[in-house]
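Shared chain: chain A. Partners: chain B in the first complex, chain C in the second.
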Partner chain A sequence: MKSYINNYEVLCDAGDTKGLMQAIYAKKSAVSIDVSYIKDRPSGLGKMHYDNIFNVLKDVTSKVLKASNLENFKDTLLILGSSVGGMQECEDIFYSQKNYKNINPNRYSMNTLTDYLCKEFDFYDSRAISTACTSSANALVLAKRLIDVEAYENILVVGADGLCASTVLGFHALGVLSDKPCLPFDKERNGMNVAEAVAIMLIQNTKTKDSMELKGVGASSDAYHMTNPDPEAGGAMSSMRDAINDAKLSLDDIDYVNAHGTATPANDRVEALAIEKLFANDVYVSSTKAITGHTLGAAGAIEAIISCEVIKNSIIPPQTGLQNQENTNINIPKESIEMSVKNIVSNSFAFGGNNTSIVVGACV
Partner chain B sequence: MKLYIKDYSTYKSDEEDIDIKKTLKQKYKLDTRRQDAFIHLGLYGAMLLKEKTVIDKDDELYVTSGIGNVDVVQKTNTRVYEQNQPLKLFDFINLLGNTTSYYIASALGISGKNIFQISDNFTFINTLISLYASINHSQKNAILCSIDLASTPNEVIKRVLGVDEDCSVVSGVNYQKFSLTKDDAIAEIEFDTLSYSFDEINNILKDNNTKVIFSKRCDNFFETYPSYIINDAIKNDEDIIFVDSFEDRYKILKLKSLK
Partner chain C sequence: MKKVAIKIISSAKVYAPTQIEELDTKRLVPKMMLRRRLTRNSKVMLYLSDKCGFTNGKIVYGSCYSELEETAKIADEALMQGALSPTSFQNSVYNTAPSYFSLINGDKDEIITISSGMKTSLDALKTSALQALVSKERVLCVAVECLNIKNIEQINRCADYLEAGCGVVLEIDDDISDAKEIQNLKIDGIINSLQDLMSVVQMHENGIEKILIEL
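This part shows the complex of A and B:
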């Protein structure tokens, strides 16, 4: 059974899908410098313009529903990927009241965002995946597998994370938070930008005139170290290889890798090595996190949407900010490349050696 | 959808009150530093399973919970907002669902696919469906860890679960090793994606002769309770139909003992 990506929409620091793609091709980072989270220390963060994350979820979901061939979501499974769920609102209440007494239990736990969407849209069923930065990529993996076994015909995959102190301070404590817009794959990179986004995709077992195909998925867990990837890049290679095999494609069929590319020293070194070992110099690679920042649990879905747009536009995104490429054995374009794009690998990697890759392709 | 259970492990805090961290350190020689009670509970169940069965490094791992790690959320927020202290690195790391999965995978020696799935409705059955869909493709075995920690603040956990104030909540960790093949299986479990109304459930069960157990949301409750019920039935060599409920919908699990 094939899985088709039939509708999607995003809200992130660079705006909606259209605004995001314009920023990517114009090499205009949407990351801003913030001094509110960490005293006396600027941080590069990707902030959306919005009132609260719940309204964004409702608005973006409504847009996807309106553009779809569905009247409602009564026969649709919701799979939401998020790293910290409702933490943003939880922090706000705690901050103002200094205790948990008045926390709304429906907006508390990791699956809070799922519960909210279920109440608003009456989904048939729901679940949340929380594997940190691979959360919504793993939601896509699960969506494909559930369509494979004909468990559901319509699956709404949501990637969502709102900016909050826990993640900003947490990545700062890890020593990987950049004080400027991040520089993926550059020798001078000094870390990542925590960011927020809501990215939503409708995956169905039926093809429409605008369909893209979720051709393959691969997931591995190298369990090498809690926060660092396997230095030999075994886990990253394995997830990419599995996704390409699952898509029944060969390495030569892949035109572009939308890299995880967080701009942390460890991730980019290992991911570049994995791409070098697997593809040599034969595939274009770039990281769009230079534009969006790292949207954590939303990253897999937002980058899958970017991959769909790259295929539709037939333009490979350039690497924003790149001056001195660290690993020169991979092919990172500094300017946009106009070409026919048929298949893309999109990578998402997370703590604990949790590696996920998906293959998005044009329908044949 | 049908799966075979090769082995299981069970721990429920109201049945056996032990110092889990001490047991992990002394009996199993595990390094428990930088971890919290939620992770320790998951690891304890993993070690009980490892004592009984062979774990393959390619086995897939699914960890599921009804409410997740509430303690660590309280701890980080108290530290940052009440005590005005910087967030501790390992409290941040322990906030993330796949941290628990990582420690369990490491303890079991698993390097296969590793997923942390959470939902406060049909938690166990929904994860079982995810697991089935995955191994139906990979043809591998899968370990499912169902974990819920009841610790302070209990009042918050009850509100998250939507249970009455006088309902006692307990901690539980229950594992099963699932396979697509019947060889050496101790039980067979059937389930599907459908949910039913109360009338439909009554209709389905009206001519049934198998023991039926309904989900309870009171007395020694935890959200992944169905996983405990399954293990208890296997232990007692029973065939059961388990009916899980959420609001006004019901889902069914059918367990057949093969011992």
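This part shows the complex of A and C:
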């Protein structure tokens, strides 16, 4: 059974899907410089304009439902990918009251978000995945496999993460938080931008007139280090290869790689090596995190949506900010490329050496 | 919605009111530097996987609260100093425990971490069944909660056992005919997020090997 991506919508620092794609093609980073999280140290962060994450979830889900062929979500499985869940609210309470007494344990973890959506929209069932920055990419992996085995006809995949002090301070502690909009694959890159987003996709077993296909998924573990990627790039190559094999495609069929491309020194070096080893110079590569920042658990879903839009628009996104490319053996465009785009690999990598790749393609 | 039969190959459970004393960590992780970095969830997960005889393959790990100790540490550090320990931060993600397993055992296969509130272990079982069905391989399904942090009494209203975990190695059984639904064999005082998998472990201990799971 094939998996079709039939409807989707985003809210991120660059706005909705339309605003995001305009920013990507205009090479206009939506990352802003913040001085509120870290004393005396500016941070480049990707901030949404919103009141609270629950209202964003409700609004974006409503838009996807309205655009879909469904009347409701009663026969739909909800799969969430998130790395912080309800952490924002719990942090606020803890930092203001300096104890746990008024923290509701049911509003701490990932299920806070699924519980809310189930209450608002009455889904058949739900599950929540948290594998750090591969969370919503892994939600897509499960969605495709559940449709493959004919367990469900409709699956709503949600990638959602809000900004938290613990993630901003944590990436700062690791020495990988940039003080300016990030520069993926550039020699001068100095780290990532923590960001927030809600990205929602309806995956179905039936094709509609605007369908894209979720053609393949692949996942692997580095078994190398908790935060640093395998320098030989074996894990990243393995997840990409598995996704392409799952799609029953060859390397030549891939037109573009939407890279994980966080702009940390280690990630970009290893990911570029993986792409070089696998594709040589034969595929276009860029990272849209230069526009969105790194939306952590939402990254897999938002970049899958970007991949759908790239196919629809027939325009390969340029690499925003790129001046001095570090690995010149891969093909990173500095300007948009207009061409027919049939298949895209989108990568997501996470702490613990967790690698996930998906293949999104035009329907044939 | 589709149901499949899973066959339980091996199972294990462990729990304690405050802290599980003997997790055999020195034997399981001989390298001292690595052993010192392990979280409580990681030690419990390593213990359970060893008891289940699992060293390599696909893992589905479930935890509602996951690395609570590391998260509490970084919240305290943020409040007091405005700066965090990098080790605590890297150890605070929900896939920390299975990632240490992967590192220690050289397991390069897929890891999925489920955190679905009080139905975490049921959803971990469903996901494990899917992974086993798609791959035709044996899968480790393991769920752990370690809640033994300072001031936990301020929020703990349901668990008498602050450390608990359970796990099974399972595979798909193509003959669904005599598979049993999950029985309610809850252990009083264990947090509900673990109870479905605990029930499956107890069913296995009672001689029931084949369980019906809705994907």
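Criterion: the second predicted complex is superposed on the first by the 361 of 364 C-alpha atoms of A that agree within 3 Å, B and C clash if a C-alpha of one lies under 4 Å from a C-alpha of the other, contacts with A are read in each partner's own complex, and residues count from 1 in each chain.
Throughout what follows, a residue touches a chain if its C-beta (ideal position, glycine included) is under 8 Å from a C-beta of that chain, and two chains touch if they have at least 3 such contacts.
Only a predicted model underlies this, so the values are computations on that prediction, with no experimental measurement involved.
Participant: Following the superposition defined at the top, how do chain B and chain C come out on chain A, clash or fit?
Facilitator: clash
Participant: Looking at the overlay, does A:E338 come into contact with chain B only (first), chain C only (second), both, or neither?
Facilitator: The answer is neither, since A:E338 touches no partner chain.
Participant: Figure out whether A:A173 sits in contact with chain B (first) or chain C (second), or with both, or with neither.
Facilitator: After superposition on chain A, A:A173 lies in contact with both partners, chain B and chain C.
Participant: Classify the contacts of A:S83 with the two partner chains as first (chain B alone), second (chain C alone), both, or neither.
Facilitator: A:S83: touches chain B and chain C.
Participant: On the A-aligned overlay, A:D51 touches which partner chain: chain B = first, chain C = second, or both, or neither?
Facilitator: neither
Participant: Just which bits of chain A does chain B share with chain C as contact spots?
Facilitator: The answer is residues 83, 91, 94-95, 98-100, 103, 105, 108-111, 114-115, 124, 126-132, 138, 141-142, 145-146, 148-149, 151-152, 165-166, 169-174, 219-223, 226-227, 350-354 of chain A.
Participant: Looking at the complex, which residues from chain A come into contact with chain B?
Facilitator: 77, 83-84, 87, 90-91, 94-95, 98-100, 103, 105, 108-111, 114-115, 124-132, 134, 138, 141-142, 145-146, 148-149, 151-152, 165-167, 169-174, 219-223, 226-227, 246, 350-354
Participant: So in the complex, the part of chain B that touches chain A is made up of which residues?
Facilitator: The contact residues of chain B facing chain A are 1, 61, 67-68, 70, 73-74, 76-77, 80-82, 86-89, 92-93, 95-99, 101-102, 105-106, 110-122, 126-127, 129-130, 132-134, 136-137, 153, 156, 159-160, 162, 193, 195.
Participant: In their complex, what parts of chain C are in touch with chain A?
Facilitator: Listed in rising order, the residues of chain C that touch chain A are 1-2, 37, 64-66, 71, 74-75, 78-79, 82-86, 89-96, 98-100, 102-103, 105-118, 120, 123, 126-127, 130-131, 133-134, 151-152, 154-157, 215.
Participant: Which residues, counting only chain A, touch chain C once they are in their complex?
Facilitator: Those residues of chain A that touch chain C are 38-39, 83, 85, 91, 94-95, 98-101, 103, 105-106, 108-111, 114-115, 124, 126-132, 138, 141-142, 145-146, 148-152, 165-166, 169-175, 219-227, 234-235, 238, 350-354.
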